[in-house]
Amino acid sequence: MAFLEIDGLKKRFGAVEILKGIDLDLEKGGFLVLVGPSGCGKSTLLNTIAGLETITEGEIRVDGRTINDLHPSKRDIAMVFQSYALYPNMTVAGNIAFGMEMRGVPADERQKAIDKVAKVLQIGHLLKRKPSQLSGGQRQRVAMGRALVRDPKLFLFDEPLSNLDAKLRVDMRIEIKRLHATTGTTIVYVTHDQIEAMTLATKIAVMRDGEVQQFGTPAEIYNNPVNLFVADFMGSPAMNLIPATIGSNGSGFSVVMEREARQPISLPLANAPAGLSAFQGKPIIFGVRPEALTDPEGAERNASNIARADCHIEVIEPAGSDTFAVTNLGGKAVVARLRADANIQPGTVTPLAFNLTKAVFFDPATERRIV
Amino acid sequence: MSAVATPARQNTGGIRARTVNRIVIYGLLALFALFYLMPLFVMLVTSFKTMDEIQNGNMLALPQAPTFAPWIRAWSEVCSGLTCVGMKGYFWNSIKMVVPAVVISTLLGALNGYVLTKWRFRGATLVFGLMLFACFIPFQSVLLPMATILGSFGRFGVKLQNATGLTFGFGNPTVNLVFVHVVYGIGFTTLFFRNYYEAFPNELVKAAQIDGASFFQIFRRIMLPNSLPIIVVTVIYQFTNIWNDFLFASAYAGSGDVMPMTVALNNVVNTSTGVVEYNVNMAAAMIAALPTLLVYVLAGRYFVRGLMAGAVKG
Amino acid sequence: MLRKLLIGTALASGVAFAAHAEDVKEVQMLHWWTSGGEAAALNVLKQDLAKEGFAWKDVPVAGGGGDAAMTALKAMVAAGNYPTASQMLGYTVLDYAAAGVMGDLTETAIKEGWDKSVPAALQKFSVYDGKWVAAPVNVHSVNWLWINKAVMDKIGGTEPKTFDDFIALLDKAKAAGVIPLALGGQNWQEATMFDSVVLSTGGPEFYKKAFNDLDEESLKSDTMKKSFDNLAKLVTYVDPNFSGRDWNLATAMVIKGDALVQVMGDWAKGEFNAAKKVPGTDFLCYRFPGTDGSVVYNSDMFGMFNVPEDRKAAQIALATATLSKSFQSAFNVVKGSVPARTDVPDTDFDACGKKGMADLKAANEGGTLFGSLAQGYGAPPAVANAYKDVVSKFVHGQIKTSDEAVTQLVSAIEDAK
Amino acid sequence: MSTVAETSITLTPEHDARPGASVRSRLQDALPKLVLAPSFAASVVFVYGFILWTIYLSFTNSKTFPSYAITGPRAYQRLWRWTFESDPPSSWYTSITNMGIFGFLYISICLALGLFLAILLDQKIRGEGMLRPIYLYPMALSFIVTGVAWKWFLDPGLGLEQTLHQWGWTSFHFDWIKNKDFVIYTVVIAGVWQASGFIMAMFLAGLRGIDGEIMKAAQIDGATTFQLYRRIVIPLLRPIFLSALIVLAHLAIKSYDLVVALTSGGPGGSAWLPSNFMYEYTFKRNEMAVGSASAVIMLMTITAIIVPYLYSELREKPR
């Protein structure tokens, strides 16, 4: 039995269904990230777990206990908000201790708990300040401290890093990960940033329009997206999704991509998924991640199925650690990820290597993966 | 954070154009200040003049022989009806009525605003709309039915007294006035607080809920301590309105021992026979207006700040 | 539901709890006499009562010639908190009596002989349905001229006996460069003057028919039209800033000699008194030309409410004191009016007062004592105010001709009946 | 993130009978409504109840006191007839035309002057702290206090005209307060004096709340000061215009004291506003039915103006 279980959860607001039957579970000590674009229902889902919003149907269980109707304070949870939600009229210490105060914890015990948390988060020198006197990163720490001090069964994070600048965000991300590793708590984390999702999660739920599109480990989500939406949403730069058709070349299939003012390129598929046979001569979406499309020298040596094709390079983007090259296939800009020192000039025609073992195919009508 | 950081003068004109510009602005501001100050000035100089000077001189002229006598008379001798104890006798009546009315209506407005924004329920907006529309009812048309209701409070008070020996304020004219001002004040106070709390982050309330704070604990520990700007606006608004009310006060608390300042002032000023002692009248009027003037002058800065913080939003 | 509630409280008064242990030795008095002379006059009554051991709870509400006080009274009655007594005018007393909220002082009235000494015309308002409900305090008469004697001497004027004399006198003043006529341009002042104009133009019978009986033929007669024409003539002698002026400021113009004459009720004499002016030497009081022998009156009354039993003793004491000869004399000497009972000696009164008392007595006996329409003694307030509207609109030019004025008067009064 | 749900935190469930919920927790759920209930009940009884009462009375023959026998719409018929009596003007005709003149001028001048002063005050003015209360203080005073001063000032024999004559400008003429056709404009002057400072404060607050970067951007785009205000600032102040409108409308409707203290109704009643009409008929003329009917018409007019505004402001808007 999992630690957090969500069964058939629905939330309606008048006639609008915001959550359309969510089923999720998370093991104890797990780190679940709810990711998706704005309006997908991920924050609502988090709020229902916290008890800040009611649910219309379904059940939420923590550690085997149904918590549907419990007051938020009775659910043994802690929550960190996007805006940190620090009480502006109280000091840092007051903020951290407010929950304990409400529960009637004696003052000296509160003080001990504050000191302990302050030490862990290195905010001891801030305890007497008001939130308005803190920097963004400091507020973030205090907000975490307020959650930590409760020692809850379940931590809820609602986009906690989105108000921080880029560098601080990376630092705090690592900090959260470390915290998770050292304390072993169970975390549900909402973000719209797929990098946070990939780096932090033990399980990811990709959501859209109140439905979970795919639920799995980060690797599953990244390598085996179940539909176009997940494929497109996860990964940076995003997966190349190229309109193509399936042709046959004697023994097997090939994928054919149109090009502007040039011959179409046709790549032979060695171990094509079985479902592809139904699409012979028909349009499909050919998905290949930028790192699976490289200069031939940089291609993965032990990949079993590498195809080469000459491509017209339109733009070169040196990013330091890598160089990205943009070409045009099937009417779309396609990004290839090259070695940093790859010697390629824009406007030239260069052979590129397609790692077809990592390629995926989608039915353009249903947007589902063809397997 | 002045929004209009000295407009684009730097690139169009030189220092001279800028100076001319400033002179025009200050000139206009001063001119309008004169317009606004004029009645106050007239009242003030008149209150220091002798009757001779008032009758024969120009109303804008400064007093030739300033005298404090009218003020002394207004403060401690002037008559309202047959009672001649000066305005000082009615100060306390007003305070006794205004302070509870302001406190209660502000507190209720805050609670209502809190419920309407942070504990929404189906129909909350309609409820608010109905309460807001109440601000527009002309008070003259509620005078009589309200009197009837207050009369029944009074009879209830008598029954209570017979039963328990105490009226609990039922039938007391001051309590009645407080009641009336609270009833017709909550529309506006609710509006002020609702607009302010509308912009108040919901996440703070959520966080407090998770921390285990109850409905009232959230209000007292989180909402109220962070509402100072709007409290200032509401208190100023309510204080001046209630202090200045004449209609309800004269109808429900006209008797000499409970009458508020405005009724007494009206009795002093509204004389229809004899030589009108304009200097005393003006001094009495200034005395009656002193608390509200003080409130505006002292709290004016917070007033704009408070308006900024939410009262002016739709 | 609401209806029941309101009727219950508005009409079934505070009499309900009649179980009185001890009499309350206090009178609660609503009035609008807040200014110097009037308050001083009323203070006499307060002291008289104090001598008998009754405390005075003052409820003064000034403004609008009693408007604010009447609003407060209505609210008090709606709440069921009746004052012991309230200053009231004419038809208002009858309205409240009809609503059943007034007390009954008949016993005291008979004992004190009010029914014999108070003029019948006044009893029309202080007695309702055979019961005494109000104690008249005074009788004011409206058809007076108040003239500055110094100015009069300077222009060589004499007492005008006819309306034409009056116009001639005003012309003289105009020629001499004084403001001929001091008028406050408020509707009640204009209408009060018009009362006299109508009496002068049409005579006593006409006045009674038009302004007390509201006879339509009289209202739309040529006499009424002529009255409006006469009013228009008078208004040409007024200074340009008259509009909105308080009556006492107009009186002050006469006192100071800026203006020759004011047409005003005898309360104006209170102003002359307060300014230490002596009738005959400093100022002159004549009846409005052509109205000698008739008195257009109004009267301040203390309406007596149906108070609980334990407050009745105080109420009777108040009423008795009000109509006592000594108070009647003392009060009216100050106020400028004449006593409400005709058997008060005139020894303390000045020349004008003596004339006023004699006139009242004669008019009472001769049947030429008429209620002033402008002052609420000719017809109920709705009609009286409609009348004031028309007169005022005529004076200020919204109504342009006397033809139109008569038409308007008839329809306004018809509307308000 | 869901847009609708963001607007609310609903701990209060829509379904009241929740299985297993204890009495205490159900009480807890109902608490917000219980807190709001007294205020709401008060408005229902003391505002809407009284409005119904007024409507009821307007169909009776009530004179000095309420009478409860329905006698039909006679009061409305009279008002209707008076609405068209313009020569000579009936009091009702005067009242409603005055309301139009007064309402329009009062509101538009207050808005214009308030905005103008706020813009001036926002130019980094030294002494702003002193000027602000000067503009604001009239709102603190009732007309019982300032009525006399204004009456003097506007009186040609005492005030401005007299003063200027004494100073040598003898041809100056200003006697509006004595003139039946102009007296309503003096009411406007005094009304503007009282309320425009308050409106100034509202606009000032609005100006201070505008993002400085927008202004900088507009300046870089080459906007002149005038264009800056006309094209950028004033449109951004739109919500404040609406709030100010509400405040002013409410003050305009209640401007009873103003007329009485300043003009005692004006020459021949030429300064009356509907609130004066209502008061006169209800309390002075003892024609309560007519007074009630005029109150009902006032309320209907207010409803017609305010309700669409309230509706547009209060309907759930997506963010």
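Per-chain residue numbering starts at 1, and chain names A, B, C and D are given in the order in which the chains are listed.
Note that contacts are C-beta pairs under 8 Å (C-beta built on N, C-alpha and C of every residue); 3 or more make two chains touch, one makes a residue touch a chain.
Here the structure is a predicted model, which is why all the values come from computation and not from measurement.
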item: Each chain counted as touching subunit A and subunit D at once; value: B
item: Which of A-B and B-D has more C-beta contact pairs; value: B-D
item: Chain whose mean Cα position lies farthest from subunit B; value: A
item: Distance from subunit D to subunit B - Cα centre to Cα centre, in angstrom; value: 16
item: Centroid spacing, where centroids are CA-atom means, of subunit A and subunit B in whole angstrom; value: 56
item: Centre-to-centre distance between subunit C and subunit B (centres being mean Cα positions), rounded to whole Å; value: 38
item: Subunit C-subunit D separation of Cα centroids, rounded to whole Å; value: 38
item: Where subunit D touches two or more other chains, by residue; value: 6, 9-11, 14, 28, 49, 53, 66, 279, 283
item: Numbers and ranges of subunit A residues touching at least 2 other chains; value: 47, 51-52, 71-72
item: Two or more partner chains touched - positions in subunit B; value: 144-145, 206, 209, 214, 266, 269
item: Subunit A residues touching subunit B - in the complex, by the definition given at the top; value: 47, 50-52, 71-73, 77-79, 81-83, 85, 87-89, 98-99, 102-103, 146
item: Subunit B contact footprint on subunit D (complex, rising order); value: 6-12, 14, 28, 31-33, 35-36, 38-40, 42-44, 46-51, 53-54, 66, 113, 117, 119-125, 129, 131-142, 144-146, 148-150, 152-153, 158-159, 162-163, 166, 193, 197, 201-202, 204-212, 215-216, 219, 223-225, 228, 233, 239-240, 242-244, 249-250, 253-254, 256-257, 275, 278-279, 282-283, 291-292, 295, 298-299, 302-303, 306-307, 310-311, 313-316
item: Subunit B-facing residues of subunit C, complex; value: 5-6, 9-10, 14, 16-17, 28, 30-31, 33-39, 42-43, 46, 56-65, 68, 71-72, 74-76, 78-81, 246-248, 252, 267, 270-271, 274-275
item: In the complex with subunit A, residue positions of subunit B that touch it; value: 201, 203-204, 206-214, 217, 221-222, 225-226
item: Complex interface listing, subunit B residues touching subunit D; value: 1-9, 12, 25-26, 28-29, 32-33, 35-40, 42-43, 46, 58-60, 108, 111-112, 115-116, 118-122, 125, 127-142, 144-146, 149, 182-184, 186-187, 190, 202, 205-206, 209, 214-215, 240, 244, 246, 262, 265-266, 269, 278, 281-282, 285-286, 288-289, 292-293, 295-297, 300-301, 303-305, 307-308, 311-314
